[in-house]
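To keep things simple, chains are lettered A, B, C and D as they appear, and every chain counts its residues starting from 1.
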Amino acid sequence: MIEKKILLADCPDDKGLISKITNICYKHQLNILHNNEFVDFETKHFFMRTELEGIFNETTLLEDLRLALPEGANLRLLGQEKKRIVILVTKEAHCLGDILMKNYYGALDVEIAAVIGNHDTLRSLVEKFDIPFFCISHQNLTRVEHDKLLADKIDEFSPDYIVLAKYMRVLNPEFVERYPNRVINIHHSFLPAFIGAKPYQQAYERGVKIIGATAHFINNELDQGPIIMQNVINVDHTFTAEAMMKAGRDVEKTVLSRALDLALHDRIFVFQNKTIIL
Amino acid sequence: MIEKKILLADCPDDKGLISKITNICYKHQLNILHNNEFVDFETKHFFMRTELEGIFNETTLLEDLRLALPEGANLRLLGQEKKRIVILVTKEAHCLGDILMKNYYGALDVEIAAVIGNHDTLRSLVEKFDIPFFCISHQNLTRVEHDKLLADKIDEFSPDYIVLAKYMRVLNPEFVERYPNRVINIHHSFLPAFIGAKPYQQAYERGVKIIGATAHFINNELDQGPIIMQNVINVDHTFTAEAMMKAGRDVEKTVLSRALDLALHDRIFVFQNKTIIL
Amino acid sequence: MIEKKILLADCPDDKGLISKITNICYKHQLNILHNNEFVDFETKHFFMRTELEGIFNETTLLEDLRLALPEGANLRLLGQEKKRIVILVTKEAHCLGDILMKNYYGALDVEIAAVIGNHDTLRSLVEKFDIPFFCISHQNLTRVEHDKLLADKIDEFSPDYIVLAKYMRVLNPEFVERYPNRVINIHHSFLPAFIGAKPYQQAYERGVKIIGATAHFINNELDQGPIIMQNVINVDHTFTAEAMMKAGRDVEKTVLSRALDLALHDRIFVFQNKTIIL
Amino acid sequence: MIEKKILLADCPDDKGLISKITNICYKHQLNILHNNEFVDFETKHFFMRTELEGIFNETTLLEDLRLALPEGANLRLLGQEKKRIVILVTKEAHCLGDILMKNYYGALDVEIAAVIGNHDTLRSLVEKFDIPFFCISHQNLTRVEHDKLLADKIDEFSPDYIVLAKYMRVLNPEFVERYPNRVINIHHSFLPAFIGAKPYQQAYERGVKIIGATAHFINNELDQGPIIMQNVINVDHTFTAEAMMKAGRDVEKTVLSRALDLALHDRIFVFQNKTIIL
């Protein structure tokens, strides 16, 4: 059966890597639809993303590739199955709403398995779209306890990615390590400016002329994870902190849903706290 | 004689300020060509910039206005005389070059009185445009001594503004206080991200997807002065720190010359470490 | 009772207009919160938008203003009542969805009285938000007949504005004239490039590197009405016409909802087929 | 001797092309520094740009490639020699000035062999940079005669590219055909909007909210050649046609010099009146 799959390969750089990989694909009679490579000359690391079409003998293909590539190569062959996400929210609707709406009209090719809020505020919005909503309040719980409840609920759905759509709590290290490079957050500033709480208030006080938003994978340092996408809008002296916050919503939601789209299409490599997007 | 002048007024906010000011202008038979006001409701301060045309009795006009406005009002009436700048540089040509070139073809309405470098590198570029260049080396001098030499040379030309066109040294507090809100700097990052040295290297290491430049007045905290203008460009994983630096040149030079243009047209108010641009 | 109202005034330019208007407001003990004026020196026409706070004697205020201003002045005093819109759609959900969602979370201060589709496709989306949906099919009807049915349904709701959220039919002149400067359309190109049908196909064939969207009031020439807002995104050779169409959705929806927001805040003057936005 | 060269290949698409090309490079012991490919699925055409490092046996390499690739393949192997341009101008300095200045400080890796003006206006600017300037007036000449004089002068310098830096005359078909895909023009609008003369006046009259500039190769239809790069800036109702023209200068000059930079780095394929930029 003719299928499409995406091959993701990264390894220490070496001569002839593209030749070796494309040769093997050719011998397997796989047609290359799209191909992108990148060599980071500083870290001497090679990245390649190839969209293939043909009849796949997955085991031999991966074996052939592994033999051809240097020690330590990472290889993934990804099918076209729809990916699954769980979304975490607090009270703000704009990022969640954009994902729900885009998914509704087919612009995000994803299965939203569940939405979990630490408040119940967004239940009715989620339920409009016939998606299960779970409220797991953090009240009277330690952070570790609360995050454990979240993780247990998340794991029921085995999501590919967890999306923090304005989830306004810091997640503990254990949670973060449980889902490496699988938790996508939207930060409402142009990182690394205005790390932490109330970035619009910080931006207002500093008198900046541009504000932004940053989608990134979370790691164990606050707002320090690998950046996937950023975007900005112009502001001026007429913007109060609140006006910035309102104006920032459109850029936040767009940045988050585009970053998610990149993840869903297997276009992101994470390497040494940076993203390579092919 | 019919002239055009710009009236800049700012004072604590009060009822009827626009009415009072425009009334006085009307009684003086001055025509309002453009008018912009702004009230900062947080600080309760009022700002107004009015382009006037007519026959000016400057003393009575300012007296009438001062009587009508609240205590503590700042009033300036600025003529159409060409403003004068002194430019400070080190070795990089792109910001200086853009100002020289724009001035050459009439896009910046300014008299470049002199360019001063702490290196001699840019002499031949400056002299192409028949503008005096002075090399004042910092070698074997304390910062205070060097800045004193700079200030002495600058003061020979009585400039309206001093432009730091990639002048790569920090200026001491005494120098800064000598020219309040008159020294315009270009910082090669999107402030407040990447304060201090080597912002492109910092941006590269952080893996940002957007880089920028910030024009600001200098004050006594490094890269903390009032921001006049910012702009950004997109980058990605293929950009080394050096590639970012190269790509950043166009945005740096454009931001600096636009900020200068705002200053030359008397469009900037500075208030509590922010700019109001009318 | 202390209220806020917006005064919109435009008239042939004359000396002292700002003074006269602000004086009258001052005498009425109305406080000016925001004020913007513009003089178009080509047409010699004056525009002013003033946000006022105080106790309004609306009749005398407008009378006083009318006496003070030149013949032919247009004066409107608008309260803070929520505006009402009717949305026309065909089958595409993204623009409609953005307005529904923004209205849901309070980012668009509007009452969506009804959505009318010439297809039934979007009924279930609209009904999720408890807004009435009417399908008025154009089948077996002339354009004039169909537009008459639309107008009859629209008029049941007395909307302030009619929003064409990807309504894919041309409206006949009679319809257009019934709602002057009240019908806002989104055109999926950067007008005046690619007027008419299939702009993304046209853009693809021309090989442009930027695509855009334009929100405008409709008039009786196709895609020639006064432009309210435009925005663009970068594309490259990898974009098929379909990829452009998908990428364009985010810019279309954002441009339309921002243009609508300007209309809802009474910030748009239309004059000689252009908009002045204060 | 170890050298760097750029291989440009394009041909009808086929299976295994990347594999074949990279294999041959590998067998020639050439290291791939950067590699980009693109398949246009509509025209079924394959494009590849490869930066190679090693010891080149140019004849055998090209022979091997030609044997491996389908009939009709275009192959070019380009060395690192500095490219040569001739610039055509009329009276406006901003695009010329930017190229001169960038070349001066090393941001454009190019030899400017000569500047030719149909007016003498820009002579002194060009001569500041020790570049020969030739005035070839069009007065009393037919277009064909004038273009012939231009071509004769251009051909003295055997340039790789001819840059129209605000050259305000249409060139005749014979001239255009003499330099296929080698004449880069800057058009001061966001093409295909506002083709022809006075685009800023057209933009002003239409009341657009964004203006732009387009760099393109010229062909024999006015402003219809393959687009290389476009960029835009926001404008509003306060912009007269003249203000748009002034504001547009920065975007024009930046777009032209970036497009030129792409050409100088052999990054542009032209195919069926579009550009593929790898």
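Here is the rule we go by: contacts are C-beta pairs under 8 Å (C-beta built on N, C-alpha and C of every residue); 3 or more make two chains touch, one makes a residue touch a chain.
Worth saying up front: this structure is predicted, and the values here are computed from it rather than measured.
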| item | value |
| --- | --- |
| Remotest chain, chain D as reference, centres from CA atoms | C |
| Euclidean distance of C-alpha centroids - chain A vs chain D, Å | 37 |
| Cα-centroid distance, chain A relative to chain B, in whole angstrom | 41 |
| Per-residue multi-chain contacts in chain D, two or more chains | none |
| Chain-level touch network, classified as line, ring, star, complete or other | complete |
| Touch list for chain C against partner chain B, complex | 15-16, 18-19, 22-23, 25-26, 29, 31-37, 39 |
| Chain C - residues contacting chain D, complex | 38, 40-42, 190-194, 206-210, 212, 226-232, 236-238, 240, 273-277 |
| Chain C residues touching chain A - in the complex, by the definition given at the top | 92-94, 97-98, 100-102, 104-105, 107, 125, 128-129, 246, 249-250, 254 |
